[in-house]
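Take this structure first; my questions come after.
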Amino acid sequence: MKGSYRAFVMVGTIPGQDEEVAKKLLAFEEVLEVHFISGDYDLLVIVEISLHGKTIFTPVQEIAQFVVQKIRTVNGIRTTSTMLPLRSITKLE
Amino acid sequence: MKGSYRAFVMVGTIPGQDEEVAKKLLAFEEVLEVHFISGDYDLLVIVEISLHGKTIFTPVQEIAQFVVQKIRTVNGIRTTSTMLPLRSITKLE
Amino acid sequence: MKGSYRAFVMVGTIPGQDEEVAKKLLAFEEVLEVHFISGDYDLLVIVEISLHGKTIFTPVQEIAQFVVQKIRTVNGIRTTSTMLPLRSITKLE
Amino acid sequence: MKGSYRAFVMVGTIPGQDEEVAKKLLAFEEVLEVHFISGDYDLLVIVEISLHGKTIFTPVQEIAQFVVQKIRTVNGIRTTSTMLPLRSITKLE
Amino acid sequence: MKGSYRAFVMVGTIPGQDEEVAKKLLAFEEVLEVHFISGDYDLLVIVEISLHGKTIFTPVQEIAQFVVQKIRTVNGIRTTSTMLPLRSITKLE
Amino acid sequence: MKGSYRAFVMVGTIPGQDEEVAKKLLAFEEVLEVHFISGDYDLLVIVEISLHGKTIFTPVQEIAQFVVQKIRTVNGIRTTSTMLPLRSITKLE
Amino acid sequence: MKGSYRAFVMVGTIPGQDEEVAKKLLAFEEVLEVHFISGDYDLLVIVEISLHGKTIFTPVQEIAQFVVQKIRTVNGIRTTSTMLPLRSITKLE
Amino acid sequence: MKGSYRAFVMVGTIPGQDEEVAKKLLAFEEVLEVHFISGDYDLLVIVEISLHGKTIFTPVQEIAQFVVQKIRTVNGIRTTSTMLPLRSITKLE
């Protein structure tokens, strides 16, 4: 988690609009990957915010703003559930 | 729980209307705080009812009336889930 | 959200140990209130972290550490679900 | 809701102990009916508290006490979820 | 369960239409009680089907038909979840 | 649904005992198929009860008995959720 | 799982359109059975994809395509949840 | 998805064993990242299977085997929920 902060947003779409929603989401600079998934939600979206020069709380606030003001205004989205990593460990750390 | 009764209402909003819903909810006298939260719901609303001069059941009935007749009539709300404290303990008790 | 950061932790307890768990949780300095609630979880715990002199991410990291290293090590807890406020508005702001 | 207050408690049991749990629950004076149900929970328990001579909040507090101190101490119970009627209407009202 | 078969239907309503939906549901002959409840659903509806002269499967089929053809066609209902008692025990049995 | 009645039982197992539980379940005469599935549950079990010579309610009662007295007594099962078909349509009807 | 791959799709319908949705779903070649079920979803749909001459991933991709492009475009569907069998065992294996 | 197949496994841990479970999971070759997350589960685990020289179904079968035989046998895990990408799109495709 050196230079960026990731969050995982599960998205429920209005049936029949999945493909279009996925494309629109991927067009956002902050969206890295969109997965069509099995289970109660339809899409798993991986979002990344750069930490460069950020002050206290900024990354969490930016994720919040991004989800509320960008993702949730895309037509065809019915519901979202954001999973915020509280701490992350990876192979390389 | 001397002079007031609190309830916690989780609110799912129609995507794209979160900010507006939050402002409308905060405008109600009974609403103390509105939190944009991670997870399956979008807003956590803290509601407080005064106990002054109330008779039996009144606070629970007022919470019920407030949720059904005020909160749930706000445009942009998709679903609500009310958590009623059955008993509460705080640092000061 | 000037001097502190709050989070809401829903706790599922092992049946029969609710009272004891609630008391132990309230004994933590960071725990302000514990509510016995109706619904799928048993307790709603309000946690507060001071922001005094914190650097980037510290409050979220402290909540995470507090939930994992303090709350979740209390005997009698079966499961927890943390709701992180992404942004909060109150009557006084 | 003239002389009594009802609540609905969904109970998840430890597999293999359903019958025994159901019998123990029905033995409580406050338990009227126990239903083995399809779905995520195993039992639906109908609980009734008399309102006779009660002061403010007493019925809700008694339900809370009954669930925490009686139902949840029965061996074989894994989890409970209480649905509190905020208001009720019946054919006879 | 001598002369009748009961089922419990949890109903999620479109916010703002709870009162109207509750009244319409209670107007059905098969609906005994409607409770406004705390939690993920908004109403708990108690349904009763007479067993008089019924042949195999009829009560379950009638519940199914009643939920699909009557309850779910009421305007203002967003979702339903039916809990079918597989077996019931009461104080009087 | 001419000569038999099917139900779908989702099973949550104790981690590490999935294979063993699946084999034990398949050994029951009433169990036709066991699927290891993605999602919140671990196994989807297809159960079939013969309708031969059954009187009123018998199939539903047998499913109930089978789930409570057979499936739920298998070691390694943590939770079950039964979906009862209220009505079924197939290609051949 | 020799010549075909099955998946289980739980479907939530818009209330009042269950019958019509069920008929439309059964009209798809890939849909074997449609069950009206108790619980949080309304229909359980059994889908089968032939494995004949398929290359790597094709069956899972076809299920995905079928759910997104066929099932989810049927009018009256509100939400779907797909359970993918990771491995299956049956009486005959 | 050229040379590998990813799946997302949400893990619920036994409270108090989160750190230890996370470390054990990261020690598996197939586990790329482990995130401590807010919400109903405790860890989000990103798993990757190489597609090199695989025949039909192998990747999904390997994920299934890995989840059942490796992840779910780690001490301290209470429950898992696997989200299988049915299709994925990324910035680079």
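Going in written order, the chains are labelled A, B, C, D, E, F, G and H, and every chain counts its residues from 1.
Note that a residue touches a chain if its C-beta (ideal position, glycine included) is under 8 Å from a C-beta of that chain, and two chains touch if they have at least 3 such contacts.
Remember, predicted model here, so these are calculated numbers, not experimental data.
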If you walk from chain to touching chain, how few steps can bring you from subunit B to subunit H?
-> 1
Pick from B-H, B-C or B-E: which pair repeats the contacts of A-G, with over half of them the same residue pairs?
-> B-E
Whole-Å gap between the CA centroids of subunit B and subunit F | 41
Computed distance of Cα centres, subunit H from subunit A, in Å = 19
Whole-Å separation of chain centres (CA-atom averages), subunit E against subunit F = 25
Centre to centre, by mean C-alpha position, how many angstrom separate subunit E and subunit G?
-> 28
Residue numbers in subunit F touching two or more further chains are 36, 38-40, 64, 68, 78, 81-84, 86-87
Throw together a list of every chain pair that touches.
-> A-B, A-C, A-F, A-G, A-H, B-C, B-D, B-E, B-H, C-D, C-E, C-H, D-E, D-F, D-G, E-F, E-G, F-G, F-H, G-H
Subunit H touches which residues of subunit G in the complex?
-> 51, 54-61, 63-65, 67-68, 82, 84, 86-87
Residues of subunit C defined as touching subunit D within the complex | 12, 15-16, 18-19, 36, 38-40, 42, 78
Subunit F partner contacts - residues on subunit H that touch it in the complex | 64, 68, 71-74, 77-84
Flag every residue of subunit D that touches subunit E in the complex, lowest number first.
-> 6, 8, 22-23, 26, 31-39, 44, 81, 83-91
Partner subunit E, residues of subunit C touching it in the complex | 38-40
